[in-house]
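The structure under discussion appears below in the form of structure tokens.
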Amino acid sequence: VAAPGRFTLGELAAALGATLEGDPARVVTGVAPLDRAGPADISFLTDARHRTAARASRAGAFLAPADVTDLPGPTLRVAAPPQALITLLRLFHPPVPVSPGVDPTAAIAPEARLDPTASVGPLAVVAARARVGARVRVGALVYVGPEAEIGEDSVLHPGVVVRERVRLGRRVIVHAGAVLGADGFGYASGAGGHEKIPHVGVVVVEDDVEVGANACIDRAGLAETRIGRGTKIDNLVQVAHDVAVGPGCLLVAQSGIAGSTTLGEGCVLAGQSGVGGHLEVGDGVRVGAKSAVLADVPAGRTVSGIPAMPHARWRRVVAALPRLPDLVRAVRPRGATDDGETP
Amino acid sequence: VAAPGRFTLGELAAALGATLEGDPARVVTGVAPLDRAGPADISFLTDARHRTAARASRAGAFLAPADVTDLPGPTLRVAAPPQALITLLRLFHPPVPVSPGVDPTAAIAPEARLDPTASVGPLAVVAARARVGARVRVGALVYVGPEAEIGEDSVLHPGVVVRERVRLGRRVIVHAGAVLGADGFGYASGAGGHEKIPHVGVVVVEDDVEVGANACIDRAGLAETRIGRGTKIDNLVQVAHDVAVGPGCLLVAQSGIAGSTTLGEGCVLAGQSGVGGHLEVGDGVRVGAKSAVLADVPAGRTVSGIPAMPHARWRRVVAALPRLPDLVRAVRPRGATDDGETP
Amino acid sequence: VAAPGRFTLGELAAALGATLEGDPARVVTGVAPLDRAGPADISFLTDARHRTAARASRAGAFLAPADVTDLPGPTLRVAAPPQALITLLRLFHPPVPVSPGVDPTAAIAPEARLDPTASVGPLAVVAARARVGARVRVGALVYVGPEAEIGEDSVLHPGVVVRERVRLGRRVIVHAGAVLGADGFGYASGAGGHEKIPHVGVVVVEDDVEVGANACIDRAGLAETRIGRGTKIDNLVQVAHDVAVGPGCLLVAQSGIAGSTTLGEGCVLAGQSGVGGHLEVGDGVRVGAKSAVLADVPAGRTVSGIPAMPHARWRRVVAALPRLPDLVRAVRPRGATDDGETP
């Protein structure tokens, strides 16, 4: 059982750099959400929206921003509650230590280069000339292909596939079932069918990237598919061949980027959105949920819709859409089917 | 080879509780669809829509509802043909018996607790303190993480990943490649980038749930992501952290639910639909294919569109959409770009 | 390290059937894109669009179509540049030879039938009565289920799952994490919940098909789910039970086809598109990105939208959509909410 921690509020205030309103000797033994916390738990508000829920909470103590007062228990006040929450969670749930070494059931090629501080789980495969850096954790049933490189302190969860020559930076986290380096979807189509274009490029994943479960990042045709430093990719996301994603982006679940497209720094693709191929998406662009970007987007824009348009315009369009049947009735335009096509 | 069964129509009538019109001594040796069945097969209509195909079928016998007459062969009549079809299929295709025991190539941690009637396939991994219940089938190359629990009679198909502390109920089926318990997609974003919020909660999957191939159900931040009893999840579905899906729901392929959203009992998400985060979707709500729910939905509603609106309204809107270009021509509104944004 | 080749332009001209403009003795040692190529590389234009980039390239030689002149280096002219590029890539990046034989860590059932020229990677599983043909490559951590058949020269990348009785033709490529033959999503729903319909059919994948990473192709209820010869399926695509996909189709990433639908020959589903269940889609139909086909589509059509309409009409509709708010303002139709439903 993951033994819960045991801290006094005074200890927590010191660890979080917080101002404590209440008894520093009071002990808490767990962190819990407002609606589930009991008297032995500390709970938290990351912003003032949860004020009402907090005042009804049975928590024994609270982590809160400066502008929330009158909480029903001792309160630790911090300037940046989300970051303080991370510290708090790490105190109560420290990462499970992993012993260095290779599980005897793993299949390690003789020419693989494993740092002695790395750990390799049961039934993992590390192929010839792969490099696995210091303190890397290769989970159970993971495949690391020939000449792949896994930078130090990275974590590959069970069932991940990293194909040949793919390079991961430091502190990269790859969740279960993700596939890095499958061939891009490229064919020369003609009378004889679709002839496969060899994909001999690589995938480069920079430092501090996280890749979600069952996500796919394809290798490039000749050069590289690149994921910029600190970018976070959610589950079931598709990144096609020769894509370049800038640093600090967020690609939310089930979004996709088609081949040879470039995203700038700090872009956000909301859930189930998509970006077409051979496009340029500037820094800081935000794409709404379920939207489809089918043209270049200048830096700083927020876009939504299929195809994507400026978000403010999209909001007006969708607000007007329910009036469309009334409009048709009111105007009765001629030329019901003006295009000679059957519906 | 899966030996086909051999039954007389009298035997089948008894097993299905059916009324037989025809010779009870007639033998059939297989079940086949109407267009593929031959004289040795029994075929079936689950409703009257397939009446015409049935009358043209070469099947040797039919399973049919009461209101379909004049079929070209002996007919077994039942009140509920879909349920009777399931019984029929189980007679002809009984589940392959699995021998209890652990394949010698599996990697079982010494502290794992396996029921002696469970079976564990080749090259599967069961980690420390995991519990595997009676008659569970752990497929080849499956990962069951530390302290995970797999309830009795559950089946994990090859390549499934169940991460630490995830709990599955009884008779749960998880298809190949599904990932249960990956970290939720949560960060505290600031000037220093996206700092990962530890996800220390769990996933709880209740009895009789089925999870499709390569689907993902993320673990909660602190508490639990829960899938209600009897809910069925199709392939490539995403269920984010802290989601609660009620009992008896159907989540069709490639649909997704964003973090902290609650679905009631008996909801249906059609294919490629999505539900945004922090929403409440009431009992019995049905979401149309490719739709996006971006606001709470009261119980009982059927909604469609992006964003989702009442389904009847959406039907009128999409019926009117092809008239929109004519409307613009007829009305010629001023203010072509009224929003100061370039297209 | 994948040793790059070393060829004279004369050798390349002969191998490609190209007309050389320049010195046949000049040596190139690699293939690179226009913007990355240096003097030792040959680069390429597959069509005239890249003319400007080519003229700025530092490449030592070019592969180009007949209508692009004035390139800044020796030029190999061919009639079909995309096909010639494939030949060129294969010269410089010949497939890594694979030694026949079974890795000692693989788990092969005694009754499996492996061709002696097949190779089976580390920790792969081949179950009883499975057949693996000549020169097949079964990657690491792959599962080949009971009675499955893998045709000659096929490649299963790491982590692929091929369930029982699924049949693959010759030269089939399946990328990492793909699942072939999971149960279809079919239930008889009633008062007692959703009762699972046994799926006892198969998946048949014809020759020269490619299946993307983490894609899913479900087995049929009774008969077969079939993927036609030469069809290419991208990552994270869903093909449901009893679907028939014709030959030569392209199913782009994250697209999906619901149960019992038929696609003709040479269809294209663009990224994130979907086709509903029990539909007929004719030969040569093209479905736009993010579109949803909810009705039969006659052969030869290009359709887009949700629901899909003729592509030309959809283009007019989306061009008119931004005018909709102005239209509402100009016309002010009565009956703001004409349907008695709250928004």
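Here the chain labels run A, B and C in written order, and each chain numbers its own residues starting at 1.
Just so we're on the same page, contacts are C-beta pairs under 8 Å (C-beta built on N, C-alpha and C of every residue); 3 or more make two chains touch, one makes a residue touch a chain.
Predicted, not measured: the structure shown is a model, and the values here were computed from it.
In the CA-based superposition of chain A onto chain B, the rotation angle is 120 degrees, rounded to steps of 5. Chain B and chain C touch with mostly distinct residues; of the residue numbers seen at this interface, under half occur in both copies.
For the pair chain B and chain C, the distance between mean C-alpha positions equals 25 Å.
Within chain A, residues 123, 141, 159, 177, 214, 236, 254, 272, 306, 309, 313, 316, 321-322, 324-325, 327, 331, 343 each touch two or more of the remaining chains.
Against chain B, the residues of chain C that register as touching in their complex are 107, 123, 125, 127, 129, 141, 143, 145, 147, 159, 161, 163, 165, 177, 179, 182-183, 185, 187-190, 193-198, 200, 214, 216, 218, 221-223, 236, 238, 240, 254, 256, 258, 272, 274, 276, 292, 294, 305-307, 309, 313, 316-317, 319-327, 329-331, 339, 341, 343.
Of all residues in chain B, only 1-2, 31-33, 36, 46, 80, 82-83, 85-86, 89-90, 92-93, 103, 105, 121-123, 139-141, 157-159, 173, 175-177, 208, 210, 212-214, 230, 232, 234-236, 248, 250, 252-254, 271-272, 289-290, 306, 309-310, 312-313, 316, 318, 321-322, 324-325, 327-328, 331, 333-338, 343 touch chain C in the complex they form.
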